[in-house]
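Working notes for the structure below.
Naming follows writing order (A, B, C, D and E), and every chain is counted from residue 1.
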Amino acid sequence: MIYQGKQKIWSDYQKEIPDDHYFYVRSCIRQNLFPASEKTFLDITRNKLGKDFFETEHHTTCGGIAYHCDTIPQETSMTIIARQFALMHKYGYENYVCSCITSFGLYTETLETWHEFPELEAKIKDNLWKTCKLEFAKPKYLAHASDIIYKYRNLIAAQAKYKLINKKTGQPLRVVEHIGCHYGKMFPSKSVGGAEYPYVLAGMIEAWGGEVIDYPERRHCCGYGFRQYHIRSNRGYSLSNTHKKFESMEPYKPDMIITNCPGCPYFLDRWQYVISEMEGKTYGENGHGIPVFTYEEVAGLVMGYNPWDLGLQMHQVGVEPLLEKIGIPYDPKEKYKGPGGKDIGRPELPTCGCL
Amino acid sequence: MKNIVVIGGGPSGMEASAQLHKMGYNVILVEKSPALGGHLAKWDRLFPQGVHAGNILEGMISNINGVKYFLNANVQSINALGKSYNVILDNGITVLADAVLFATGFDLFKAEKKEEYGYGIYEHVITNADLENWFRTKNDQRIVENPKRIGFVHCVGSRDEKAGNRYCSKVCCATAVKQACEIKQEFPGAEVFCFYMDLRMFGRGYEDLYLSAQKEYGVRFIRGRVSEVAENINKELVVKAEDTLSGKPLKVTIDLLVLMSGMQNCSAGVKVAGQIGVAGMENDGFFETKDSIYSLQQALKPGVFFAGACTGPKTLPDSLHEARAAALAIHTYLQARDHQ
Amino acid sequence: MRERIAGGYDNFVLPFMIGMTFIFIYLFIALIRLFAHIPPKDRIKFFKSLVNPKILYMNCRDILMDCLLHVKIFKRNLLLGYMHASIAFGWFMLIVVGHIEMWLYVPQRNGLLYYPVFFRYFVKQEGDLTLKGAFFFFLMDFFLLMVLSGVGLAMYKRFRSTAMGMRRTTKPCFADRVALACLWSIFPLRLLAESFTAGIAGGSFLTKPMYWLFANFLSDDTHILPTWWAYSTALGLFFLALPFSRYMHIPTEAFLILLRNAGLKVTKPRKGFAEAEIYSCSSCGICIDACPMNIQKKNLPFSSVYFIRFLRRHNTRKINQISDKCLMCGKCVALCPVGIESCGIKRAQRGTLYNSIKHDYSYLAAAHHTPAGAPEILPDNITPAAMMGTATAVAAPATEKVLYFAGCMTHLTTSIIKNLTEIFESSGTEYVFADKDGGVCCGRPLILAGREDAAKEVIAKNTELIRSSGCKKVVLSCPICLKVLREEYNLKGIELVHHTQFINTLLSQGKIKVAKGAGSMVYHNPCELGRGCGIYREPLNVLEQLGELKRAAKEGKESICCGGSLGSLTLSYEDRGKITQGSLAALTVNNPERIVTACPLCLKTFSDKSDRPVVDIAQIVNENICSVR
Amino acid sequence: MGKFGFALSPSSRINLDTLDNVKFAHLIEIEPDVLKCMACGSCTASCTAGKFVKTSMRSAILALQNGRNEEAISLLKSCLLCGKCTMVCPRAINTRHLIISILKVYQ
Amino acid sequence: MGKLYDKLTEDYRIKEGLKACINCGTCTAICPAAEFYKYDPRKIVDIVQSKDDHEIENLLKSEQIWYCGECMSCLTRCPRKNAPGLVIMALRNLSMELGYFVESEKGRQQYALAKIISGNILNYGYCVYARTLKAKDHPEAGPLWEWIEQNMDDVYERNGANLEGEGPGALRRIPQEDLDQLKKIFDHTGATARIEAINRYSMEKAREMGLTPDEYFHHVFNNTEKEHLNQ
């Protein structure tokens, strides 16, 4: 791998990311599965970095999952999106940031389609007025939340307490980055680093001291596939694709995985559990799995957040070995506590016991 | 004596210069690089029969005896002056040319633009030009000793809207098949794969080349465009394509991947031509000719002529024919101009 | 004439006796082995045939005509025929007359094998030459001269084979050379021995003058015994070499005639009947010239004679190579003086290689066949329902219509179909097109590839289809189909004709009339139609009514394969092309305007390479129909 | 399926890395014409058996090159050896011999 | 040419996603579905561009169009700027419009998807919603999810969510006025009609299969009867 070659490509794909004043929109999946990540995002940007990220309770899902499960027509999702944009406009923002990759892809696609087919834009504008009596607007800048963290990666590094470095060996951690498909594959120019060698997470890893691993199936989808996961009998597809990725990354012995997509960390995490149950195989060291993180979780870790405040207890693959590797202190007793240290029991261990 | 400026010292520029010189014109040949020959000088052997490029080039160079030529020279400015063109070279020479011939040739498509193939990123990905250079010099770190599998990717930067080139570069298929045979001669034990969309073996002897690649050299032709190349932990390349003939995705791990970079209009030539309002066409970037059948050597501007690959991908013999045709076209033009 | 040597024995007979004993034992064992490999049914058939007077007559006739007189070779080339006949018949007569002499003069020695052979040594002439004695002396000398003339010709042939109408001749192997040397020396030595002894034992026009000649400078009698030793040794050696040489055909050929007349066929490629054929080959080499592959010198080793030689040597690799490559055009069989069915042996050999290949023709069950309709097209997999739908196909009521069976290859040469169906219509023939949209293959290609078991399934299906049409007459365009339908199908009561025959009948019945406007043409006789089905006369009959029929260099049963034969499995396209060109050259020696053939495969093969139009007989007829009905 | 109600799926990707070329090399020895195919499809278009059941010379060659030997056999086992494909092949491949050779070598 | 084809071209995703395909196979080469299902996106695009109504109808009734995971990896690689993924979406759209989707096992799953996902949107304003995520339907979520399910309020509070709370935050209760607007959008833009059509065709199919709506839901959600895998 020739690093300079990649750098050259990265320099071709530097999208413009405004520094401040964003209208923040949440992700359905992340709110359910990684609520602490969104909380951390807002905490870092607002409190640690002093930026303006506005959120309103009136925004909703963008309908992306329904759209990609093909249960709602394109016009419906476009009108919902127009409503979100209208809210942004209503609250006086022109920079739009979303926490979800599916949304990000869908927003980008929608804006492109409107651009290409103005008659469709006019129709949506009309729909929006008729249904919500809202004024149609389009964001000046559209960003994904990972773009923001990428943008602030050096600011975060400056405040970091820890680095992605093996405390014992002093070697950088080997980090696999997994980019959500809809981040750059549809519109490479709207992403940091393009579709083939995305830099959005690689930039964070580099800034925080880790080493990016480039394995053959790096670009492959985690296997979510919308309907291929939401219907139980289809989940073999989802599982098989993740399996393929793990088989491919295995020889590189990665220490951790960072993702920028809502679903991917869940799938890369849980399918490891399923594979270990089905096949008895694990991909990490000493029979452990490879811990999977959101970028906010990693940012939080290097900035010294309490791991359990970051929601790392909501991962099936245990993060403790990695925390120890970096040298981040944690209280194992606190891991599964409820609010205010309330005892709410703890989940059973998986059959194989070592995840 | 009438002055004719020929821009580009590749095969067509040299051939046209030689012809014009024999017709009695004062020819000034301008070449931007330190040597004559253009891409031909960098090539080892030529399809279909494997003639040595060097021999052809030698003959051409001896043929331009008496032609004034400047190496390391660029056209600094060019502008119309009545029916003539005032050409100023960056070496200080100024010529009032009665006719200008663009034989500016082509640029090879920059293979690194096809990011998914990893040229310049993966260690064992090279281009057709790199391979020719290796055939000549046997010096390229990227080519491992005794590779087990070697792949050729056709249509790199050709027939590709994303790469900005919708057209077919015409010569890459024959070049790939030729190179596949040659590399099999170098490494008889290697398996060689050609990934193609269509095999455009249009010329005399080309189809035989294809047949012998299959039969004599056992080259495996896979009908499917390479979708993605990845490097594995051993620095081998994992190539993914669809075998479209069986409708199944396919992968193969190889030790060397050769990208068949296509042709683009020479960017330096475009810059010069732009000064006198001669431009590339929107659909493919190659210079616009007076028409598409009959007057291929004439530009829309009087006194400006073309030869070779600056008006579209061409084989070497095609370019040489055009060079001779261009010489004749210039002669006819100047004669007619004198009569008026 | 009475015995000269007391005891009727001398040591010099030993070499002969050793050889003779060896060959008797060898033949006896070989016979037992051969019988062991003949299927029991065939064995019974054989023994019954021996007492059948009709077959007995055939056996005698064939042995006389083929083994002794070599009538077939005479027909081919007089000199070559004489060469073979003189040696075989002469030698045979020497033996017969020798025995008669012994029986007449020294009856006490009856039963001694060597005695008649060396008769002249053991006896002496006493008193005046009687007429009877002179007659026998004359006969013996006459037949000896006959054999010697044959041997002389044989020697001449070795050096100049073309003189006897053979462009190429066999390359002898070592045993052949030994046996040949012996054979060539047996009779000159006998002449010498008998000449030397002629003073004592008497002689006739040949031996007597020789005796006098030699007596002039050989006064001593000591040279007599060595010559008899030499003669005996030559004979003994010849017998010893016999089983390993081409001359094994001498004893085997007669036996083969018995087997063949009994109606036996090749079942195994190297054993039983095939073995009799193999050892009946005299390596005469006529098949080398016959083979169309030999238009190229490199294919000489692929001739039948070498195939048989390798069979004798059990060289499996070579056997397979040749049997796979052979075009199965049958020309070598047609011209073989012994009538060895080498194609049958090759087919059996292919069977050993390919019959075990698995196949799946279950889909055939779904091939619907109704007089009006085409086989149902089932693009992917056959549904069980479709299979059940045809399992019950029953014979339709008889109809006057003819069934037209075009065959696979004819579908590649649509001109045949078009012209023939037009002829059907012009002549008012009602017909049913059996395979309008492409039917099931006839099975012959499978048989040719040695896959008889697979072919059986196809044959069964087609039989059912043909029978279910209710037609009593089938017209075929492809001679390949015709041959297999005639030979392998059970279609009793249904007449099978090729379209040349059919057209010929239409013409003779006046159902169509033709003008003689076809210009000049030559007729190529397709292998499978001529040699395969014996149809030679009808096409010529038709063509003579159409225009000027020019002669080809090779005609009738010597017609040269077009090169497209399905018989060969391995012949390359390039080599086939050479055969095609050779065949075309033979056809065009008299510069005909067009080449006419009667086989879709020949038509397609020639069309690709010919410098002049090639047409099917149906087309040329249809073009020249001048009035109908 | 177990408790999950779904399972890992096998990959259908043709993997040329794990190809066993021994038989194919043997086939090339017996009938080198196998290398000449350019997948034009004339054979499949003219196939007699192909009218009834999926039979394809060109697909079979491809299947062998991709190591899908059983698929190749299934594409040829219905062949009647009628020889039409030999007649129409523009590359003059001896398809009949190739077919019986494939069936023999791979069965 | 074909009526179905014309109907397809009304879809903006076809307008965007289908220029002339050259059958190069880059899409299939990296398609996650092509590796595991009997699926070849290139062939699907080719069928659509053939404009053959008969073939397109077969496609609309087939399993094939339901294998795509809409990851859009194909989009990146197509040298003709086609988007097989978008073509698939248009095909699925038409299949549901015409009721063809119930002809295929995978198509019938749309019933469950509409119920779950569209249901969540209308009821809560989220595509997925913790309260409706049941461990019994998601065994892969592991013992961890069982624990979360049992302690949902505490776990979400500990993780900083605002489950069913007022004001902004993760999993907040989305105000009714906003849900009403979503419903209006659904009604106005065809989503409600889509849900109704899916239900109607599905219930017809359920009757045909002799299943109650619940059984039908359970069946399409859990069962695989046909062979979909590509061997």
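As a working rule, a residue touches a chain if its C-beta (ideal position, glycine included) is under 8 Å from a C-beta of that chain, and two chains touch if they have at least 3 such contacts.
Small disclaimer: the values here were computed from a predicted structure and weren't measured.
Novice: Going by the touch criterion stated earlier, list every chain that contacts chain A and also contacts chain B.
Specialist: Of all the chains present, those in contact with both chain A and chain B are D, E.
Novice: Just how many steps, at minimum, does a route from chain C to chain E need if it may pass only between touching chains?
Specialist: When the steps are counted carefully, the minimum from chain C to chain E is 2.
Novice: Which chain's C-alpha centroid is most distant from that of chain B?
Specialist: Farthest from chain B by mean C-alpha position: C.
Novice: Comparing the two chain pairs, does A-E have more C-beta contacts than A-D, or is it the other way round?
Specialist: Higher contact count goes to A-E.
Novice: If I average the C-alpha coordinates per chain and also across every protein chain shown, which chain's average lies closest to the global one?
Specialist: If we average C-alpha coordinates per chain, D lands closest to the whole-structure average.
Novice: Could you find the chain whose CA centre sits the greatest distance from that of chain D?
Specialist: Greatest centre separation from chain D goes to chain A.
Novice: Where the CA atoms of chain B average out and where those of chain E average out, how many Å apart are those spots?
Specialist: Distance between chain centres, rounded to whole Å: 48 Å.
Novice: Taking each chain's centre as its mean C-alpha position, how far apart are chain D and chain E in Å?
Specialist: Between these chains, centre-to-centre, one finds 37 Å.
Novice: CA centre of chain B versus CA centre of chain D: separation in Å?
Specialist: Between these chains, centre-to-centre, one finds 39 Å.
Novice: Going by the contact rule already set, what residues in chain A reach two or more other chains?
Specialist: Answer for chain A, listing residues that touch two or more other chains: 195-196, 219, 232-237, 239-240, 244, 274.
Novice: Please set out, as single numbers or ranges, the residues of chain E touching at least two other chains.
Specialist: Within chain E, the residues that touch at least two other chains are 30, 34-37, 76, 140, 222, 230.
Novice: Indicate the residues of chain C shared as contacts by at least two other chains.
Specialist: Correct list: empty.
Novice: Chain pairs that touch, all of them, please.
Specialist: Chains touch in the following pairs: A-B, A-D, A-E, B-D, B-E, C-D, D-E.
Novice: Can you check the complex and tell me which residues of chain E touch chain D?
Specialist: By the definition above, chain E touches chain D via 34-37, 139-140, 222, 229-231.
Novice: Tell me, which parts of chain D touch chain C in their complex?
Specialist: Residue list for chain D touching chain C: 31, 46, 48-49, 51-54, 77-84, 87-88, 92, 94, 96-97, 100, 103-104, 107.
Novice: Would you pull the chain A residues touching chain D in the complex into a rising list?
Specialist: Answer in residue numbers: 232-237, 239-240, 243-244, 274-275, 277-279.
Novice: Of all residues in chain E, which touch chain B in the complex?
Specialist: 22-31, 34-35, 40, 42-43, 76-81, 230
Novice: Please output the residues of chain B touching chain E within their complex, sorted ascending.
Specialist: 116, 155, 159-163, 197, 223-228, 240-244, 247-250
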